[in-house]
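Below: one structure in structure tokens.
As written, the chains take the letters A, B and C, and residue 1 is the first residue of each chain.
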Amino acid sequence: MKSSFPIFLAVFVALGASFGGFVVGGISQLGTEKQTTVLNSTDTYPLQRTGDATLGLQVYRAQGCAACHTTQVRQDGMTCDVVLMGAGKNLRAVQKVLGEIAPADKDLATNQLPKTIFSGVTKEVAGDNSDKLTGAGAKAEIHINATGADISRGWGIRQSVAEDFLWDYPVQLGSLRAGPDLANVGARYTMNLQLQHLYAPQSVDKNSAMPPFKYLFVVRKKINGELSPDALSLPKGIVPDDSEVIPTDDAKNLAAYLVSLRADVPLYDAPFTPTVSAPAEKK
Amino acid sequence: MNVNENKISVSEIDASCRVPLLALFGGAALWLVIGLALSIVASLTFHKPDMFANCAWLTYGRVQPAANDLILYGFCIPAALGVMLWIFARLSQIPIVLPLLPIVAANIWHLGVVVGTLVILSGNSTGFLWLEYGRGAFVLLLCAFFLFAISAFATFGARHHRELHVSHWFLIAALLWFPWIYAAANFFLVICPVRGVAQAVIDWWFANNLIFVWLALVGIGAAFYFLPKFAGRPLHNHYLALFAFWTLIIFGTWCGIPQGAPVPAWLPAASTVASALLIIPLIAIAKISVKTVYGANTQCKGGPFCYIKFGTAAFILSSLMLIAQACPHFSRVVGFTWFGPAQTQFQLLGFFAIVILGGFYELMLRVMGCELPYPKFVRVQHWLFIAGLVLLVGSLAVAGIVQGMKLENPKIAFDDVSSATLIAFRFSTTGQLLLLLGSFLFAANIFVMTARWKFGLLKSGWKALNAPLQASEVKS
Amino acid sequence: MNHDLSNSKSQTSTHLTVPIWIIALMLTLIFLGGVYFDHHSGWFDAKVYGPYQSAGQLAAYQPLSGEAAIVAHGKQVYEINCGTCHGPDGMGMPGKAPPLAGSEWVNAKGFHRLVEIPQLGLNGTITVKGQPMNFPTGMAAVGSAMSDADLAAILTYIRASWGNNADAVTADDVKAVRASVGGHHAIDGDVELKTIPE
């Protein structure tokens, strides 16, 4: 072959296809994403991060935290629980049904309610059994749970979805877990603990491999031997007794960002039944 | 081939590449050394976490991307352009057209790498994997690439021998590929950012198209040029090579979206299917390479032939690691572990750097018209690189699988998962040291060669300075 | 180096054809890939994330069973359709609508009247908690276009919220009442309302 036209064609066809699919398709589908509502609620999600947390994302980016931390929870599957909420008018009939579907609970008394009759079953099994219980006049609910190793580790309640990152620029998903996942770290660490962890990670978690970010803090002598209001309350032995550690604005913003990281409300695309009230109302 | 009277001598063609190639390779060698040194600095954090606690510029999250980008943008791409330019000139059987452009391009490119590295280390990176350099460096790198591409296309267009070589397909495609992906990714992520997780999708698309597809196009394109030369026989099956080319770019370009990413299911599903289909070009490339070199009576003795053979084999292996990462079940284990970095390092240093270094050692003697200053270093570097890669990639890949299996078991505390990988860093850091040592040998060869050449130019005086190409045209 | 790189013989390559088995392997993989994609992609649905495999499966796993879910759904529909006048807290608004919280009409044992009010609309004076109220605009037949399930969810919600405590209303109940509703004019105050059986 002598003409170079086929090479141009090949590149145009091949790269053009994936450009159309991933870049144009990705932008038109995910780049136009809007706020959504929390499942079974009128609360919008996600809310814009606060000003200091938005600045904190820039600190997170500048330090390259995403080199070691992911902010995405993976989900392997979903299971259902059937919870008997009330026995209704005819306890006998309910007990009879229970004897057929769950012999262990056949002597159920009303004061034991609500009680989980089945857990970790598929939607079909849960639906069938809950229908049988409702047929006997009982009140049964099906609870949806997201499952997976990340979720069992307590890194989240459900998987991360696009909405969780709606307001972020740059989106810091991360690709390596040299450190734990941070998608819900706001639910685990308070602001003060976060700052202490940034200054001296090993004082919070003895075996942590995280480098301390001391350059985000100022160590200075205590004024009149008193801690300033801004100073970290650290365990003894990290800094000399006559010194105190003052977080810089960067450290405060970063901690605010980390505290703002929580993606634990049910959404249509990541459904689950909250065991307690939705966290949006918990504040 | 028609032998016409104004046929240009081979040494003249080679000599025309001299200054552009020295500019491209000189900087590349420097960046390889600095990049590997920085990656050692980064890995020190795992041996002693509080080592750089007070130094923002050397914190792991900055040094690590800076080191990776130096190896990719500093070494791999300019060195690839150098080899590409020489192959174009040789295949066209003419001296480089517009030789000033690649020289200017090389300098702008290296300036862009300096700017980008400082941007990352000072904490101004964009935060996007493999795109950390930001606007300033983006403009410089893209301009440099355009200048280079003009000269490369002009050299290609003016070819005497009109028939396309297999390598032409791969290399021309690479020339078209880079500006498209680099400009598109920077436009949508840095210049005019899109909203939400679409950023991550574009970043994955870019990273895969650069690190997997682009490097494969150049590396395999160069290997398909050099392997028949070394083996002294034609490339096995021209059409199978074109088949490999088409399937590589059609399937390869859709890979790269990780399983379990927080994006709608069709994106990772498309990547999984494309990754499985990648097995087709891999089989084709393996078959062509083996059939071309098998039974050839050329001894390689740690020379360039060995480099290219090893590099091609490394391509197959690292691509298989890439495919494995996209498998639904295996990806669950190795996702977010050190297996990913192991694969990337293998792709960059095991496959690409080795193939390009092999090409470099082969072409540099001809381009400079003299022997290498330290010919033995070639062989030593080969073994240092192989040993270093086995330690680096092997330990990280095993650590990744172990880490992944422990992560899958929620009963194992996260600290125990991390500490299980610490032993691997002893091996991987040793591997990085060997690689650094090897890159020193490469740098020594090219810098001494450049110094000698410049010294020779000075010695032969003003006249030689005016016509440096003629002065060293006599082949030793 | 003992061989010349510009050796023209090795610039060309042998021209064999592409082996048929590799094409067959490719076609097989494309077929299997298509099957995999069909099962796992959710067909480009923006809401389907793995491990969910399709929009249908995702819909099945929505926690929308049991009374709690109906109440939650009712809250959503109520706040869009009714909350602007009756208030998101059910306290009503002066000049717009009477309170629902603690209202004897809402807490009534039966639900007939409660279905008919949104179905037909309401004008004139209505007495709530012993206090006669008159609203110039009255209430339009906002419920007439709603589905049985939505209206039932709203009624269940208002009967279970803000201190109210009355039985749930099912979609079948709403359907039955709707079928029996006579005229198409708005109900004229509590005078006419009281003529409707509880």
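Here is the rule we go by: a contact is a pair of C-beta atoms (placed from the backbone, for glycine too) under 8 Å apart; a residue touches a chain by one contact, two chains touch by 3 or more.
Computed from a prediction, not measured in an experiment: that's the story for all the values here.
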**OP:** Please indicate which chain is farthest from chain C, where distance is taken between mean Cα coordinates of the chains.
**Re:** B
**OP:** Out of every possible chain pairing, name the one holding the most C-beta contact pairs.
**Re:** A-B
**OP:** Could you give the separation in Å between the centres of chain A and chain C, each centre being the mean of its C-alpha atoms?
**Re:** 25
Subject >> Centroid spacing, where centroids are CA-atom means, of chain B and chain C in whole angstrom >> reply: 53
Original post:
Where the centres are mean C-alpha positions, what is the separation of chain A from chain B, in Å?
Top reply: 37
Original post:
Taking each residue of chain C in turn, which ones touch at least two of the other chains?
Top reply: 44, 46-50, 52
**OP:** At least two other chains touched by the same residue of chain B: list those residues.
**Re:** 163, 260, 262-264, 270
**OP:** Find every residue in chain A that makes contact with two or more other chains and list them.
**Re:** 29-30, 33, 75-76, 159, 161-162
**OP:** Report the residues of chain B in contact with chain A in the complex, numbered from low to high.
**Re:** 45-46, 49-56, 59-62, 64-65, 120, 123-129, 156, 162-164, 168-169, 172-173, 176-177, 180-181, 184, 188-189, 193-202, 204-205, 209, 245-246, 249-250, 253-254, 257-258, 260-264, 267, 270, 332, 335-338, 340-341, 403, 407-410, 414-415, 418-419, 421-422
Subject >> List of chain A residues in touch with chain B within their complex >> reply: 1-4, 7-8, 10-11, 13-15, 17-19, 21-23, 26-27, 29-33, 61-68, 70, 72, 74-76, 149, 152-153, 159-180, 201-202, 205, 207-215
**OP:** Enumerate the contact residues on chain A facing chain C in the complex.
**Re:** 25, 29-30, 33, 37, 39-42, 75-78, 80, 85, 123, 127, 130, 139-144, 159, 161-162, 266, 268-273
**OP:** Mind listing the chain B positions that touch chain C in their complex?
**Re:** 1, 10, 90-91, 93, 161, 163, 165-166, 228-241, 243, 247, 259-260, 262-266, 268-270, 272-274, 276-277, 279-280, 283-284, 298, 328, 362-363, 365-366
**OP:** Could you pull out which chain C residues touch chain B in their complex?
**Re:** 1, 3-19, 22, 25-26, 29-30, 32-34, 36-37, 40-50, 52-53
